[in-house]
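Take a look at the structures listed below.
Two complexes follow with chain A in common, the first pairing it with chain B and the second with chain C.
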Partner chain A sequence: MLHAVNLTKKYQEHLALDDLNLSIEPGDIYCLLGANGAGKSTTINLFLNFIAPTSGKAVIDKFEVTENPQATRKLIAYIPENLVLYNELSGLENLEYFVGLAGMKYHQEQLVGFLKEAGLQVEAYKKRVKAYSKGMRQKVGVAMAIAKRAKVLLLDEPTSGLDPKASNEFSELLLRLSKQNVATLMATHDLFRAKETGTNIGIMKSGKLVEQLSTEEINHSDLEKLYLNHMSN
Partner chain B sequence: MVNLNIRHELKLLSRNFWFVSLSLVLVLLCLYAGHNGLKHYERRTADQQEALAAQQAKEQLIKEVALTLSKGEEHPNAYRLSPMNLAISTGRLGTMPATQMSKLAIGQSDLYTHQLKIALNEDLATLSFNELNNPVQLLFGNFDLAFVLTYLVPLIIIAFTYNLRTRELESGRLKLLASNPIKINLWLLQRFIIRYFFLLLILTAILLATVLIARTGFSMQLLVFFLLTYAYLAFWFAISYLANLLGRSSARNAVSMLSLWILLVLVVPTVINQAANTVYPMPSRVKLLNEIRQTKKELSKEQNKVLDEYLRNHPELISNKGENAYGYWQGYFASQELTEKRLAPLIERFDAQLAKQQRWVNAWGILSPAVMFHDGATRLAGTSSAHYEQFKDYVRSFSLNWRAHFMPFVFKNEMLGLQELDNLPEFQFRSRSRTAGVFMNISVLLVFSALTVIWGLALEGKRQLI
Partner chain C sequence: MVFLVAAKEIKEIVRSGQFKWMLGIVVLLSMVATYISHVHWQEKNRQRIEAANQARELWLAQGSTNPHNAAHYGTFAFKPQFPLALIDPGVEKYTGVSIFLEAHSRNEADHVAAADQTGLSRFGDLTPDFVLLFIVPLMIIALGHQSVTKEKEQGTLKIIKTQGISNRQLIAGKWLGNYLPVAMLTTCLFVVAALFIGEFDWKFLATLWLVYLAYFAIVNSITLVVSSLTNSSGISLVTLLAIWICSCLAVPKIASSYTNEKHPYPTRQEFEAAIAEDKKKGLDGHDPWSEASKKLERETLEAYQVNKLEDLPFNFDAFRMQKGEEHEAEIYFKHNERLKEVHKEQTTVYQKLAVLSPFLPTRFMSMSLAHTDYSTHWHFADEAEKHRIKMQEILNTNFAENSRLGEWGYKADASLLSEIPEFHFEALDFNEVMSANSSNLGILTAWLLASFGLLIFASTRI
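Take a look at the complex of A and B:
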């Protein structure tokens, strides 16, 4: 579903992403680990076509993103670390607008259904987003993904700053979407959740993907050792 | 996406405290400006009515004298029917009536005269130049609707559009928006167009209320005034759209938009104004007045020669009473005409310079949308410099007429009778509407707006918009 083929991004002389090759299939939850500046966001931005690759290709469902950005964005739902919505609007109104931009039209009840599915408490639907916690806003983001019927989820540190309960709820939502054959690429610092939720793990360092493994192959403490090992040299 | 964005913008704007309160302020400003315009119109009209009434009273009195005399009776005021009295002390009152539309754009009418007495002894040369010589209308002056629209509405547009994209960029929301299958510059254009029409609707309602307050009535000019306003708004929206696409931060956008406002609304008009004076300087007025005095002095030394020459040019005025029939006034008019003839080249230079300045201003005014708008508004209102120029021309030609009409009586030293009184030339000035020229202003504004928008659209793919 998601493929990076020799994907490279250079800023002047600085290699932000160096010859990345990876494949993510429907139902996969691929967790990208790495220190700040490793190139995780760069990877996600390339799939979103927010930035153009210096060389190589980012492919989503057979479309190369630079050639078909509109078609690929129809398939994508994106949740950044800090999901900023329109504060003057309610969660429901925000959902309606963003889903509308994706070209989807729903009745009010359907939209409410998506928010419910994303786990947002009922009292919040019609409250202005200004009063929302970060976790609540992330849930609206998930509701957008559900409503958009996204086949690909691109998540850039979505659980940073969430409390453990909210973080746990978020993981459960990901698992549910994964069962519906959504392919997920998530940048994260949370090794524990990556192991718990992810199907695959990639470790990045200075723009290079230095390790790829399946979460079934490894236990928590080995993953931590491996990660710290990579970070220290 | 259009419907979606319309609903979205309506929600955002109606929940925006600043937008709602600034709209209310705009309502108050416009209504006050309309009220001001109405007061100004009423004052000017009342002044003219008063002067006209006084003039009519004078003429009525003269008619009564003529009536008495026509019955063969005597009248102590019989002298009033002498050509000198009628042509000089009674004279004619020339007025430039205010148009209904002048309530909306008073222009510089404070600086011009709208009524003046036309009498036989006035020098045409000085008559023409005691008016302001500068063809550029200052944009500020009276607090009228045109002022509010020229100055304040662009600021309101800037306030509500300067960060339409950069705010999304800075908050990080732009990425969330752009993760959907939309083109950012088209999406932004839609938001701008929606806000444009939104403001247009609000402003139309406000303008209609203002028109009702000012009681201008409905006319073709009013319709064109609305169109001109819409075109002016479009320009500011277009510029703000481009600034949003080019700018990387809201703060910088605000600064550049305000700088542009200062440049286009304040600096450019002033520079054009000054440059017109520098490039086509007016000959000295003092020198002209001196020349007139000098020429008159010279001519007075040779009164007889002057009168001879005058009569050679106007054989129809020769009196059958012989040389002795001519006194002071005949000599005066003869030398007046000769003075004007001799000074004609000098006066023409004034006129030519003024015309050149006017052309210069018309040509370079294109650089400032504020000039385009304000010029258009005053043209529609009959308060443009062109209108005052036209009034001046009419006064000049009427004065010539007035003179030509009286000369036979002056030279034959004949009193006027009842019938002659009815045949005196009437001063009838009506400003021609200049609606046609205003479409040029509207086109210029629209072309600039369109080019700006096209530039913005062409940035797709060439510039990092997310």
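Take a look at the complex of A and C:
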């Protein structure tokens, strides 16, 4: 579903991403770990076509991102670290607007259903977003992905700053979407969440994917050791 | 999708406190300006009608009188108050509202409103055209300067882009979302003004409304272009305010100074001295001893095959008076034509400079459609002069045909005064106004198209 083929991004002399190759299949939750500047966000931005690769290609469901930006955007949902919504609109109105931009139209009841599925409290639906916590905003983001029927979820540190409960709820949502065959690529610093939620883990360092493994192959403490080992070398 | 974006923009605008304050101020200014203009308009109209009636009564009250005395007694031509002056009073304040019509002289318009005001009038008046030309563009800038930059700053633009909407659709939606509240406000202002005016020509009002809508469309497009090409709302606002200052304040003033420098009008002293000089060279109806008068005598006697003036079938004094009047009219016509040429030259320069700012063609078209521009004033002055010449001809002809040479005591019947028609001024009709403004219309259209073109370009850069 999601493939990086020799994907490279260079900013003048700085190599932000170095020959990345990875594949994420439907239902996979691929967690990219790494320090700041390791190339996690660059990878996501390349799949989003926010930046153009220096070489290689990013492919989503057989479409190369740079060649078919409109087609690939129909397949993806993106939730950044801080999902900013329109403060003067309610969660429901934000959802209606963003899915409308994706060319989809739903009745009010259906939209309410998506917010419910994403775990947002009923009393928050019609409140203006300026009163929302970060966790509530992220849930609207998930509702957007559900409503859009996205096949690919691109998440850039979505649980950063969330309290453990909200973080846990978010992970549960991802697992639910995974069961619906959504392929997820998530950049995160949270090793625990990566192990708990992910199906695969990739460790990045200085633009290079230095380790790839299945979460079933490793336990929490070994993952931490492996990660720290890579970071210290 | 365009309408979806527009609807969301309007919803956000309406819900923001910033907009409520701004709208409140602009609506208040618009309504106060329209009301004040309406009160002034009604008062000025009442005064003009009353003055015109009084002038006519005074004219007729002369009764049986010598026609040439009546010609010197004179009367007034009043410029009518045009309905759309309520929206755009133009240069009315500086041009004067009446012209004294008398023998031998073509007078300038008098009763200039600005002359009766204190130095405070330099601050200008609160009129609907001021709100439309200066304040509404500021409102558009305040509403739209962060239309795109805010999305960039907050990060919502990234989310929007991942939804699949094209940049062009997004910008078109934003354009519509910012424009509709302004268009509605403008429409309300015109409806209120139309209700105040009562009687007017729909073609003029509708065209004036469209001209302002086109002006606001240009300002709205430029606002979105700047917002799309900059990354910070602060920079966008400062840039747009600089553009507003240049196009609404600096360019019109520079254009005015430049045109006056390039094609200056003669001073009143120079103008009057040149007329006096020309008059000296020709026939003076009151001077029977001048060379020109003697020449006229010889030619007239020869034409009528008589030896002395007493044998002519008319009063030669009145005949000479009429010939003198015709000669003076030619002189006034020549010198006023020169002034009109300067006006035309200045207008041409203004029209060329209109490519620098959409404010200029809008300003000119607005005044023209409201019949409050200099061209209308020139037209009025010309019509008043034609009326004066006709008046002198009727009076001199009566004098010549009904009296004998030297019979200065002759008194015409009071009915002669009624033969002089009341002055009625018809301004240019719609087609003539549009034809005179074809250049302004072309430049405004070019601005509109160019701003849309820039907007399409800017949409590729967000």
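Here is the rule we go by: the second predicted complex is superposed on the first by the 233 of 233 C-alpha atoms of A that agree within 3 Å, B and C clash if a C-alpha of one lies under 4 Å from a C-alpha of the other, contacts with A are read in each partner's own complex, and residues count from 1 in each chain.
Here is the rule we go by: contacts are C-beta pairs under 8 Å (C-beta built on N, C-alpha and C of every residue); 3 or more make two chains touch, one makes a residue touch a chain.
Computed from a predicted model, the values in this text were never measured in an experiment.
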Does chain B (first) or chain C (second) touch A:78, or do both, or does neither? both
First (chain B), second (chain C), both or neither: which does A:86 touch? both
Is A:48 touching anything from chain B or chain C once the two structures are fitted on A? First, second, both or neither. both
Look at A:173 in the shared chain and tell me whether it touches chain B only, chain C only, both, or neither; answer first, second, both or neither. neither
Taking the superposition as given, does A:101 touch the first partner, chain B, the second, chain C, both, or neither? both
From the superposed pair, tell me which chain A residues show up as contacts to chain B and also as contacts to chain C. 48, 50, 70, 73-74, 76-78, 80, 82-86, 88-89, 93, 97-98, 100-103, 154
Using the touch definition from the top, list the residues of chain A that touch chain B in their complex. 48, 50-51, 69-71, 73-74, 76-78, 80, 82-86, 88-89, 93, 97-98, 100-103, 141, 154
Would you pull the chain B residues touching chain A in the complex into a rising list? 1, 4, 8, 11-12, 15-16, 171-173, 175-183, 187, 464, 466
Listed in rising order, chain A residues that touch chain C in their complex are 48, 50, 70, 73-74, 76-78, 80, 82-86, 88-89, 93, 97-103, 148, 154
Within their complex, chain C touches chain A through residues 1, 4-5, 8, 11-12, 15-16, 154-156, 158-166
